[in-house]
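Letters A, B, C and D mark the chains in the order given here, with residues in each chain numbered from 1 onward.
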Amino acid sequence: MIRFESDYLEGAHPLILKKLEETNYEQTAGYGMDPFCAGARERIKEACGGADVEVHFLVGGTQTNLTVISSVLRPHQGVLAAVTGHVNAHETGAIEAVGHKVLALPSEDGRITADQVRKAYEAHWKDASHEHIVQPGMVYISQPTENGTLYSKAELGALHEVCRELELPVFLDGARLGYGLAAKTNDLTLADIAALVDVFYIGGTKVGALFGEAVVICNPALRKDFRYLIKQKGGMLAKGRLLGIQFDTLFTDGLYDEISEHAVGLAMRLREVFLKKGYRLRYDSYTNQQFPVMPDAHIDRLKEKYSFEFWEKTDDSHSAVRFCTSWATRTEAVDELIRDIGSL
Amino acid sequence: MIRFESDYLEGAHPLILKKLEETNYEQTAGYGMDPFCAGARERIKEACGGADVEVHFLVGGTQTNLTVISSVLRPHQGVLAAVTGHVNAHETGAIEAVGHKVLALPSEDGRITADQVRKAYEAHWKDASHEHIVQPGMVYISQPTENGTLYSKAELGALHEVCRELELPVFLDGARLGYGLAAKTNDLTLADIAALVDVFYIGGTKVGALFGEAVVICNPALRKDFRYLIKQKGGMLAKGRLLGIQFDTLFTDGLYDEISEHAVGLAMRLREVFLKKGYRLRYDSYTNQQFPVMPDAHIDRLKEKYSFEFWEKTDDSHSAVRFCTSWATRTEAVDELIRDIGSL
Amino acid sequence: MIRFESDYLEGAHPLILKKLEETNYEQTAGYGMDPFCAGARERIKEACGGADVEVHFLVGGTQTNLTVISSVLRPHQGVLAAVTGHVNAHETGAIEAVGHKVLALPSEDGRITADQVRKAYEAHWKDASHEHIVQPGMVYISQPTENGTLYSKAELGALHEVCRELELPVFLDGARLGYGLAAKTNDLTLADIAALVDVFYIGGTKVGALFGEAVVICNPALRKDFRYLIKQKGGMLAKGRLLGIQFDTLFTDGLYDEISEHAVGLAMRLREVFLKKGYRLRYDSYTNQQFPVMPDAHIDRLKEKYSFEFWEKTDDSHSAVRFCTSWATRTEAVDELIRDIGSL
Amino acid sequence: MIRFESDYLEGAHPLILKKLEETNYEQTAGYGMDPFCAGARERIKEACGGADVEVHFLVGGTQTNLTVISSVLRPHQGVLAAVTGHVNAHETGAIEAVGHKVLALPSEDGRITADQVRKAYEAHWKDASHEHIVQPGMVYISQPTENGTLYSKAELGALHEVCRELELPVFLDGARLGYGLAAKTNDLTLADIAALVDVFYIGGTKVGALFGEAVVICNPALRKDFRYLIKQKGGMLAKGRLLGIQFDTLFTDGLYDEISEHAVGLAMRLREVFLKKGYRLRYDSYTNQQFPVMPDAHIDRLKEKYSFEFWEKTDDSHSAVRFCTSWATRTEAVDELIRDIGSL
């Protein structure tokens, strides 16, 4: 079975394993206070164009989302997010478990607009009973989204403008950020993102690391005591250096970009073959996730040899499915899949 | 600087790194549904004497504690624990953050007794205002304790008896369990523990792994939907196999025992030299943590070359300190420390 | 200004004030352990046809909802409710603040169906990633709904059947229950409700009392330690007898029914005049809330003399508004309003 | 049976019932936005010496405590309080249920000192692991305390100084505040309190009202969005005017002071008789709660005719008990009790 069902099917980039081995017996302080984390922080700041940011390392995405959101909001506030957003749909109520409603906004492709945010904000404050309604307190977006789509620089800029005006911090979930940066349609750099959001994270788990997400707090007002929150929510790794080592490696000599480009390049080949085959694309993704709508008969044939994710029925005889590539996807596997699609 | 301040100063046992490398490109399902986790579960069950238990893998201790406790208790219940217990003292209020009071019991050496539990329970139920007081809902203990001490089989049996009678599940935090099992004063096996508590965890982070704690749910009534809780609290690792691989390695060919014995053997050498030197021991520990009470002048001298943890002032000129050994402690480092203590 | 904007504009039925005065200097135990509460519990049990139920008294609706729901659910579970349900829309995230997601179901008129519940349940369990999604753990409905509509006996029976099969407790919010029981289209008795839901409450605040909601726990499995929850969530009134006195009065000599019928009778006269005037009704309500869709010009004219609630714009020149009657609405006020509508 | 077991045994001062009756049919807006609440707010501000404060009305004490504390703290912070403080001892974990640890300080008589607060603060920040420990975020005190004792102006001033320096808001629970103000040993006015704490509440439930606590927010930084919190935590009374009417009555023509003095005067007569009888006083209270240590035989004799609260065994043959007077205690009842004690 050749697997394309997710982007966390393998271990880590070999350079990371090598670094873990080389440093294995070095003795360091715990909890992220070690030189490896310090180094990784510096490299990430550089990658953000030298921005004045604070960097923390957590283990996984749900943990990161609940820690950031609970740190930002007061009890009566909620987080605006696309209805399809990970925090709304796939975290078993992690945000509610820390006390906050996810204020879901409709979305066709995983994105929300500055205008939607403004309208939700105004709807709240214009309601005579607004004290009886959860107050919008921040905005959560993903780049790329769960549907593989991207915010353009103009779109993120518009969100930034509105949210600054309305005093709503913007939090960008970058679990797959590398694959967004590597998209040919992308016009945002890490430095742009650092300038346009209040806090974001750079995903490691899906982009070359064993695990790990690097939280970048751009807005100084959101930095206070963040490490207490990490500890309380169970996200402070005792051997924090493992995160430092991994991000240091990923942000040395352009590795993070390089492996992201590899994955996206393979995904673009899949996109091309899907279109050539006449499959509609459920979402117009230029990142590592591809969502072709295929005849169910084709799906059944492919499933004999490949694993990929069922997404939704689109009509009686077709379904949308998801294929993911990653830093670890072998070119040969994609070649083989393309051949097999060709002969369907 | 030679470090003895904690038992999470280094990476992982080399066999673990080797296994991570060997399996790096294998493709597996995520979230602990992979063959490595399945194998590790089997090995842990065997190590528990074939007991009917359910095994889950989480990343760290605080996360494990808050996940287990929030799964067991109803909102009005609290957890009985030693005042020095990790959940009470060193988790930034993680248990309160999931809604529960830690009902702290006094303790001289980290242990609590069956009798204390019974009295706390009776005090609650005899109080005419008991509905105005947090109801004891479970018991948390550590083995070894934060002070390096151990429950004997008789003591744990007594706790078990009382708690079964009072319908209070017992949760044993085994962050350093290997070092407890390896103590010469220990008379408890993993199978004993599995029979005497409702849920416990086997620590990996401090005993040879990069990270990871294996939760063993002995009481079937506590198993329902536990994976939902892991996910919600941010403890479900995407590449769950990393945990499976590590615990599989630790529980193959007796590695967990072997490395624990190494650490405890070195700790016993330190214990001996402390006593020989005339230092009082703050706690009577036969495990990997040693707590000598030393003249402050000696402490200052040692600090030039060694790092270890300040524990507390005991009088004007003495302090208790903590030295930890681990699976990774080098014999030569202990030799050197012993020599230097001898010449103080 | 004559007010129709809500059903909590005045104090309490005079018999309640009288009873408060008569009993003012009697000394009783606190927290609901007094003879008045005991008496009221008995009367409510009788009103429920002698069902084996447990009755508790709380002060207000939001408090009652959050206390009941947090008592029933485990942390990873959410409550299915109409998107318009009070717990979803108008309690400032009270349910999320106790850790639970409201799983909102679409609804045209405030009601949800047995079929919707089954589909939501099945959608959850059929999803391969269900452990990553909030588990439906109970169902919340209102009778009457926030839109004045009612569940019929057949509809509630169908919900009951499905929920019993799926092991989802049903919680019925009866903040306006009296006005539902008094509707001519209603075919449910209190005894029916007690037989068909797991827990419900009989609203006092909006139906003759100064304040107070009587929680009726029908399902024995949901009774355990409920008083602890009331206390913890801040709902245990020190002078609990105030609640006992009020519900005792309301459930003596049919007062609760009598005042409900008064309110609904006046509301039916309004309904009739709205229809006669040619206004569409936004919801087909036979209870004390009426939702005519009126020309904005008419609304503006009426606002000079009457207060009522803006509901929503329906087109460029019309809006839906809400008029409420209550136990305290004077017949003369309704007469006057009807005359004024006639002359618009 | 003549009852002295608590100060919430009866209804309300007759002037309150009269005012409820007089205003019963007035129609007002809900949720505290009515003219009665507005009036009561003004009277309370005047009673506070015209201080710039914000006043809110809630129903009960536990609700008030959990609402204020959850409004002030961030998730990783806890509240410093006497171990005997109501929030620590008698609210079924209400504070933990909103996510916060109560950081209990030892106390002999219910009071804590400025020095204790400073030491707790310094202990936290000097601890190298402070990020692993709940951060002190505010201070909770009661006036009078649960033991009937009082802070002097000098003591409260010292607390104020330290807390201002350490940026710890001080919250004063005044559930029995009237009885403190009326004590002959008291040297604090409401204006003093408003100047020395950040937020406090004036108890109504125990001092003449049916129910109700008036929260006075002195520190402008703590005012933002407080009404959202009240609603979310279930404390916003639909007919909020009931609270306005009561506090308006209590703060008109010095009623609050007058009834407090009545209760304290009777308590002083009991204090005198206890001392004359040779009973030791468990706490040196000059307020409405008295704690004599009596021979168990005397207690048994009195229990035939009087109810009062068992406090604790003090030796084999003696116990401390609690007698409360209130605004409603009849002079004749105290006369009778005094006679009966005399003849023991």
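Throughout what follows, a contact is a pair of C-beta atoms (placed from the backbone, for glycine too) under 8 Å apart; a residue touches a chain by one contact, two chains touch by 3 or more.
From a predicted model like this one, the values you see are computed outputs, not experimental measurements.
The most distant chain from subunit C, with centres taken as the mean of CA atoms, is B. Set side by side, the interfaces B-C and A-B show unequal numbers of C-beta pairs in contact, with more at A-B. Rounded to a multiple of 5, the Cα-based rotation taking subunit A onto subunit D is 180 degrees. We define each chain's centre as the mean of its Cα atoms; on that basis subunit B and subunit C are separated by 50 Å.
The distance from the centre of subunit A to the centre of subunit C, each centre being the mean of the chain's C-alpha atoms, comes to 42 Å. Distance between chain centres (mean CA atoms), subunit A to subunit B: 34 Å. Of all residues in subunit D, those that touch two or more other chains are 75-76, 91-93, 97-99, 131-132, 135, 228, 231-232. Chain contact summary for the complex, subunit B toward subunit D: residues 75-76, 78, 89-93, 95-97, 99-102, 128-129, 131-135, 310.
By the touch criterion given at the top, residues 31, 70-71, 74-76, 98-99, 131-132, 135, 225, 227-229, 231-232 of subunit D touch subunit A in their complex.
Only residues 1-3, 6, 8-12, 14, 17, 20-21, 23-30, 59-64, 66-67, 91-94, 97-98, 205-206, 210-211, 228, 231-239, 242, 328 of subunit B touch subunit A when the two sit together in their complex.
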